[in-house]
Amino acid sequence: MKKFINNPQQFVPEMLEGLALANPDTLKYVPEYNLIMRADGPDQNKVSIVQGSGSGHEPAHVMIVGKGMLDAACPGDVFAAPPFDYVYNTTKLLASPKGVLLLVNNYTGDKMVFDMAQEMSSAEGIDVRTLFINDDVSVEDSTYTIGRRGVAGNFFVIKAVAAAAERGADLDEVIRIGEKVNSVTRTMGVALTACTPPAKGSPLFELGEDEIELGVGIHGEPGRRRAKMMTANEIVEELLTPIVSDLPFTAGDRVALMVNGLGGTPISELYILYGQAHKRLAEQGISVGRSYVGEYCTSLDMAGASITLVRLDEEIESLLLDPAEVPIRVF
Amino acid sequence: MTTADLADVEYVVHTLAQTAVDNEKEFGDLDAVVGDGDLGYSLARGFEKVLSDWDSYKRDDVATFLQQIALAISSRIGGTSGPLWGTAFLRASATAKNFAMVDGPAVVAILRAAAEGIQARGNASLGDKTLLDALVPATEELERQIVAGASADECRAAFARTARACADATSTLEAKRGRASYSGTRSIGSPDAGAVAIAIIIERIIAEWDSH
Amino acid sequence: MKKFINNPQQFVPEMLEGLALANPDTLKYVPEYNLIMRADGPDQNKVSIVQGSGSGHEPAHVMIVGKGMLDAACPGDVFAAPPFDYVYNTTKLLASPKGVLLLVNNYTGDKMVFDMAQEMSSAEGIDVRTLFINDDVSVEDSTYTIGRRGVAGNFFVIKAVAAAAERGADLDEVIRIGEKVNSVTRTMGVALTACTPPAKGSPLFELGEDEIELGVGIHGEPGRRRAKMMTANEIVEELLTPIVSDLPFTAGDRVALMVNGLGGTPISELYILYGQAHKRLAEQGISVGRSYVGEYCTSLDMAGASITLVRLDEEIESLLLDPAEVPIRVF
Amino acid sequence: MTTADLADVEYVVHTLAQTAVDNEKEFGDLDAVVGDGDLGYSLARGFEKVLSDWDSYKRDDVATFLQQIALAISSRIGGTSGPLWGTAFLRASATAKNFAMVDGPAVVAILRAAAEGIQARGNASLGDKTLLDALVPATEELERQIVAGASADECRAAFARTARACADATSTLEAKRGRASYSGTRSIGSPDAGAVAIAIIIERIIAEWDSH
């Protein structure tokens, strides 16, 4: 493993410290709970929006704390939900009279931790609710499992609820919007390589020089199916077809199209995927209203990408358009 | 309850914690096969804290001691393991309160309460390929041996043997819970990481029993 | 090689097409010259700012065309200066009464191509000038060589001249500013892995599992020196020391600090480098006025990073603060 | 000048172009050692265009033909090679104008003009480890053989032999120009990619001379 790290156990704290040093006017780092929050938070006049998840998905979510987006992000260690304590204390710190919304990607561990923290915080009189995001079409949603996972599509839920909260919506309204965006968001991912967690020091799985993994999540775990390497256009087909047929998206739909890099893939390649996806959608009568190309929700250094579609309506599009000021600015 | 009971419980927890720390890499590798490879890291970070704070835990009785361990675990361990193991210790503590002394039936009751706690928290059934598939049958086998009047040594040996056999047998199952479940039928062919971890921990506890 | 590509020879055109499809309101793609320009350009009331270089450095520079930044980017193939013809035609297309400034990283091929294009365009009466950027401290500047290379520090030159042009500065003034920013900008890079150009299909060089290359440029060529893998903090020392002593930066200086990822390194690791660099500078009495962490100027999928320092004064800082709207926006 | 002259020049250019296309991978690998690996790609993309447009070039005389090649090259080849090779052909064309027929001395003059064009454009001196270190001594050797009255076959063989020997000898030099120069002394030990490309091209032109 070759990485810019000092000590695998300090990977997350050192990253968060660097993030706070780079954004001294806007962010505060609370080391006791791995917490990144707005320097001036919580805003007593709005619902606090908090995202919790494992680390290793940067810029998600610690780097999108800021005006118009998250009030705080509470990450665990790499690919591990934060300890219950961290979430509980984060909720207390972010408590606002208008309430707290915890956004969580739907995974076993995360669900358990956040359910426990919500119970405990509610018991102390904090108005807190939890919204689980589950946009991944590669996982079958059956009563036997915990259901679909949340992956890169969570960005759209976050952006929309954050904009609504910023506009003054109450907790019920914010949740209505979050559930609505989640319900029209679909994602599927592919890995070209495995990723290497710092604490493990070696790739999570082995992929041959001509193999790819279809239907991967964002935790470096293997996907649904291994396939032979194919062209960019063929990969777009593999990802887009299950996404489109799932909602389903149909002719006349206006969508947001996100091509998300998983960490090790350069943005040049993402635009090759984007171009093909855009054209294939157009052929089906689906028009792209807003485009997102880059790294949003990654798996450390994994080479790979995911495609997300969101069916837009006036309300969602307007919320996506609202301004936001976050550390992953360019200038 | 007697001081000997607390000493036994302390020995079990200490050995469990030490095993988790010593096996960080192995547990991680087991979880990497179809999971995300962090099981070893999560357990090691939590249980090394348990070891380093060892002397600070209140030892009024077994229940108090176990509750303190529960709190330490759930405030330190992330991922799925934090809530599951934390809940297990919490339920174990609550059940320990019902027993004046930790004899065989008490041990079975405590283990069963822990397993039920995990079940309640994680919503898993037997056969879903989780640590329950090692812990539950091993506990049942322990009870069977006790009822049959086996010696303490025989009981412990049977407990460890069953945990190992059932952990290995999870290879044939398809994961229905946890991250491994996303791999669908591809999880078949390798054992569940949590179940094997349980077996390794129990084996060590039993192997070193006589020397404590 | 596993990449999202269809055909190595279409790598650049397909990327540019995707970029234009994703930004239909703001960008125009001219396939004949690999050109990305503002949809409404050229603006007759300002100096046109054009960057030319090889491809493979994305987001540099095609993804920073937009209001407040470049009027056009004219890339060649991967790691190759554009053909002379492309530059010449780009210059003609971007001609404005206030003139055209060509920004070029200082490399043999690029220098020759842009010198030729400038000669030819000038001969046709276009007011065109070329500014060569050379911020890389790892290359010795001697009369025997073409001199220092231009690397990620070019972002600061681009941002400053673009802001000045947007404010209405004339060509002389824009050049004065560009030369000034270039003169106070210093960069050094390190590679953890080699990169794989699509047309080559295999890594440009081999690095052992415990080796790194210090002093790399941005074209995947080997660096000045091979070293054993070290910690993030030690790497910061290797990069920062030659940068600081070169200008030199001294106690009391206020700087912009950029940690630039080379393509394959996740942003989490970049923040670990950032935190240490920030603290080491503070120890030397150098304060960070503005921070930049992310991918700016990459080498395809190379794992690695560069650190750039710019000595700020009021004029430079004010230009860096001006708004810009480019495709590598987040929302 | 005679039609035979134009045919010879056409043969040389065509073989050069074909060699560049056929050796894309090899030239790229040579450039990857201390450069950025794109020499093969750049030359192949430019010269495959020369081949595909082959019939469209005006053939009024050698100078016109060479000038058209020059334009095709510099409008198609990126990197350092575009300006260098384009300038070489432009200067070759200008010099060809001075000769009624392309005999031995004319060939030497044309090659020398090409090399001087490269030198002017790239500002490299002999010994800087560039293609000039193969082209210039090979041209000088050709002139020496012509002056010494060697046969045409002998002249050509000496030309190719020298180009190869000098290209190989660039291994001992430190690169002072181009991207390879950034590697400093590490460029010592491998030959210059451009110089070896020149040798390979000349060898092929000479080897297939009799069959055209």
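Letters A, B, C and D mark the chains as written, and numbering starts fresh at 1 in each.
Following the convention adopted for this analysis, contacts are C-beta pairs under 8 Å (C-beta built on N, C-alpha and C of every residue); 3 or more make two chains touch, one makes a residue touch a chain.
From a predicted model like this one, the values you see are computed outputs, not experimental measurements.
Each step here moves to a touching chain, and the least such steps from chain A to chain D number 2. One inter-chain figure worth recording: chain B and chain D are separated by 75 Å, centre to centre, where each centre is the mean of the chain's CA atoms. Averaged C-alpha coordinates put the centre of chain A at 29 Å from the centre of chain C. In this assembly, the C-alpha centroid of chain B lies 55 Å from the C-alpha centroid of chain C. Per-chain CA centroids place chain A at a distance of 32 Å from chain B. The touch graph of the protein chains shown is a line.
Those residues of chain A lying in contact with chain C across their complex are 2-7, 11, 14-19, 21-23, 55-56, 58-59, 63-64, 159, 192-193, 209-210, 212, 229, 231-233, 235, 263-276, 278-279, 288, 291-295, 298, 300-301, 303, 305, 320, 323-324, 326-331. Within the complex formed with chain B, the chain A residues making contact are 9, 54, 76-86, 107-109, 112-113, 116, 138-140, 144-146, 149, 197, 199-200, 204-205, 217, 219-224. Of all residues in chain D, only 28-29, 32-38, 41-42, 45, 74-84, 86, 121-123, 176-184, 186 touch chain C in the complex they form.
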